Amino acid sequence: MTRPKKPLRSTMASSTATTITVQGMDLMQDIMGRLNLGDYAFLEIQRRLPTPGESVVFNAMLATLVEHGMTPMAIATRLTYLGAPESLQGAVASGLLGMGTTFAGTAEGSARLLQEALAGDAANTPDEQLPMLATSIVERLRATRTPIPGIGHNLHKPVDPRAPRLFELAAEHGLSGRYVKLMQHIATAAEQALNKPGQLPVNATGALGALCSEMQIPWKLCRGLAVIGRAVGLVGHIAEELHHPIAREIWERTEEECATPTNH
Amino acid sequence: MTRPKKPLRSTMASSTATTITVQGMDLMQDIMGRLNLGDYAFLEIQRRLPTPGESVVFNAMLATLVEHGMTPMAIATRLTYLGAPESLQGAVASGLLGMGTTFAGTAEGSARLLQEALAGDAANTPDEQLPMLATSIVERLRATRTPIPGIGHNLHKPVDPRAPRLFELAAEHGLSGRYVKLMQHIATAAEQALNKPGQLPVNATGALGALCSEMQIPWKLCRGLAVIGRAVGLVGHIAEELHHPIAREIWERTEEECATPTNH
Amino acid sequence: MTRPKKPLRSTMASSTATTITVQGMDLMQDIMGRLNLGDYAFLEIQRRLPTPGESVVFNAMLATLVEHGMTPMAIATRLTYLGAPESLQGAVASGLLGMGTTFAGTAEGSARLLQEALAGDAANTPDEQLPMLATSIVERLRATRTPIPGIGHNLHKPVDPRAPRLFELAAEHGLSGRYVKLMQHIATAAEQALNKPGQLPVNATGALGALCSEMQIPWKLCRGLAVIGRAVGLVGHIAEELHHPIAREIWERTEEECATPTNH
Amino acid sequence: MTRPKKPLRSTMASSTATTITVQGMDLMQDIMGRLNLGDYAFLEIQRRLPTPGESVVFNAMLATLVEHGMTPMAIATRLTYLGAPESLQGAVASGLLGMGTTFAGTAEGSARLLQEALAGDAANTPDEQLPMLATSIVERLRATRTPIPGIGHNLHKPVDPRAPRLFELAAEHGLSGRYVKLMQHIATAAEQALNKPGQLPVNATGALGALCSEMQIPWKLCRGLAVIGRAVGLVGHIAEELHHPIAREIWERTEEECATPTNH
């Protein structure tokens, strides 16, 4: 085989008999007792420590993703735990697998839109041209009948309360920049184009996409934040299931009703 | 169908058009900007906020579980991401599924041992009887050739440096109680029984099991902490894979070598 | 690094520009159009073709594992498909993860019992000593309060109709040997020991364990048959979900009921 | 809650104490001993039995999907089995999750193309207009820089040998109709448009997409065939891993090389 081997390299972690180094830091002295789990997630994804402001905002971003109540994912985790309680990891994995495109549960779409809009030469777009950029984005999406990511919400009307809270925290900590502005201009442009004034504000997903972009997290990793947050939440659902199980009842009701003969 | 229906109940979260409540708390005011991700995990699992000390120690416990370098789990996640980059959740799930019994990667075993040893009437075992209890536990495990969980380490010799750091933080924050004592007595009893003085100290897994028990986290949920921590780490591996991919090289080398004819 | 490398070898498959070889056979000429999927599964697991009798019986064994109606696994697959329809593989994986210890859904337990009982010197146990062997097995299990695998059924009473059908096919095709006999003696011994005459016949799981053993399939792979069969069934559930969806209704009912305030 | 409940219905299976009915058939009499696993998969997906010709061709289609050697999926399954051998279902699930868009491992793309091209009024396109239809499809895809699914292969050159074998079997059994013709015209049109005569014949994926369409299997279920086939193959890889393990060596080599310091 003449294919030249490429070296395998990683800077994630290394160990000796007496040391453990993660991302170039001493696990025991620099991480344990110093970093909270959100900071550690930031370190893993961005390969640097968050600033104090990034720490607050990043933890708040993850906080919006942990717990959404009795979602299809939570139910799947509980049903899988019923069948294989000895493999808790499988129950969490089962639920995570439902984090797909249906519930738009990630900031991926809006982060991609924003990052591509301000990439390359466009990175220098002056602030006063952002409304025009937003209008052209909305027009382009509408022309191809593509949904506009990050605006409106089917339950939280008119405003998804997580979005203003995220923007407030970002502003407090100096993380509200051009991506946030562009996202808000997109919402305004969409409301105008669709003639729905005040009805399509930026939602949590749009705010997350904008703030990931402010922190230079690539859009391809935004779903990773959702996966991290939801892994926490799904373990929480297993904890409740241990104390107050409902999976068997959901299963039995479903099985019984499906087995009931009907006239049609 | 005459089976009486049991009601489905959950107190995880609820929403209205303008509010989101999680574990009885207002998501925007009480959680976002206030709780870090480790605290939120504690809230989800224990249905109450951690004390300041619990916050430090619980985040440190999670920190020991995030990143173990290029484990089989990390490689599986990277290979899966190579095949299905559009489904990041599947890549993380794929890696999580390797968190089973081989690598003793969870505190489940030691937590169960400790919680069962101090359950019921034994909960009142006086401190001075803990060494005797430890000796009888070690004898019982050895009689059934059951491995003693939570002691020794194949790489970190003689001491897994995470364990003393966890115990140090627990002591600083008033979380070092009878479970920690019993775990340490078990290590000592095992060293005596196996005639390996100073060679089988409590390892990270044993320390985690003891501290979960101090915090009254049921042993059945201890693997959940490992799943949460590792979900963070596996997203980190995907982040590195995006910047510096190695999965294709691992695959191609393996495929080529497996395809090479041999004489035997 | 001085650790000597072990060579990586596999005889699963190899390809050139014009050929594809699987298990030493030409895929196009020897497999496609000749082997059905059950035969191919046998070839993959046992690394040889099944005999005509093994083909019939092995396909019948798999057939008992495909479709069990609206199980927790099927519901989990449907809920996951609702969230991520673009990743059908994730929906099937989600359901497979529920194949654990709760529903005793595999022949693993009975196969292990039988294979360990007739291993080594015991392999030559004369037929007339099998009843005595069965009695001692049942006594040993009862002494340690271990459930006796492969007998009785909570719905199919007194007889799980799949078991006699499997045994009938095995007898027709010369695959009913000492493992089948031992399994049946175990059922009889259990009925005597528990004073439940005629109430604990061999069930489908016990029959599968016995027939896997007759075919020299190691007990560690028995769950693999269940996974293969159930993967087929879960794709079937997705097919029905496409035509007649129920996942959203299951989710919405559950979410609504869990959100309803109660007085207690 | 005033939302009207929709009834939950399923016709997959039903059971009583003495009967098991699947897809309206008696499991013991109509399926076990009569249907092979491929036929049963057809029954589950299409809710009717295959004709004898469909049985041969459908099993051959599945046979192309079972075993592709040491793929990233197979390696992931082996690594996961190393970590959690007690949860074989998790190891198979882990590998299945890599069946995404990278390896174009499913017939989904070509099936969708063909089914949408011959949907509605176009269903009556006369045979002599199929070449023109193919040309317009290729032009449309090229105009949007969309890859043409189902043609060419990076290893099997010039011809993927599975495709002619699938088409041969389909022709023998009366299953070679307009979808097969259109797929072949698309390959020809692509070769002309890209000026690569004879270099972009229909590959296995294209043949599978065409034959799924001939059997009226919706394109959304085509990936299901790949999942079924690959589940069989991944259990085969676990069987080989049991006899001749390689996962630990792959892991250790990777970990060691990644840990080696470099000068850059």
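For reference, chains read A, B, C and D in written order, and residue numbers begin at 1 within each chain.
We adopt the following convention: a residue touches a chain if its C-beta (ideal position, glycine included) is under 8 Å from a C-beta of that chain, and two chains touch if they have at least 3 such contacts.
Here the structure is a predicted model, which is why all the values come from computation and not from measurement.
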Equivalent interface positions on chain B and chain C, same or different at half: same
Longest centre-to-centre distance from chain C, chain (CA-based): A
Of B-D and A-B, whichever chain pair has more C-beta contact pairs: A-B
Distance from chain C to chain B - Cα centre to Cα centre, in angstrom: 31
Mean-CA-position distance for chain D and chain B (Å): 38
Distance from the mean Cα position of chain B to that of chain A, given in whole angstrom: 24
Two or more partner chains touched - positions in chain A: 8-10, 14, 69-70, 84-87, 89-90, 93-94, 97-100, 246, 250, 254, 258-259
Chain C - residues contacting chain B, complex: 7-10, 14, 84, 86-87, 89-90, 93, 97, 254, 257-259, 262
Contacting residues of chain A [partner chain B, same complex]: 1, 3, 5-6, 8-15, 17-20, 22-23, 27-28, 31-33, 35-41, 44-47, 55-56, 59-60, 62-64, 66-70, 74, 85, 87-90, 92-94, 96-100, 155-157, 159, 161-162, 165-166, 169, 218, 220-221, 223-229, 231-233, 235-240, 242, 244, 246, 249-250, 252-253, 256, 260
Interface residues, chain B side, partner chain D - complex: 69-73, 75-76, 79-80, 82-87, 90-91, 93-95, 97-103, 105, 246-247, 250-251, 254-255, 258-259
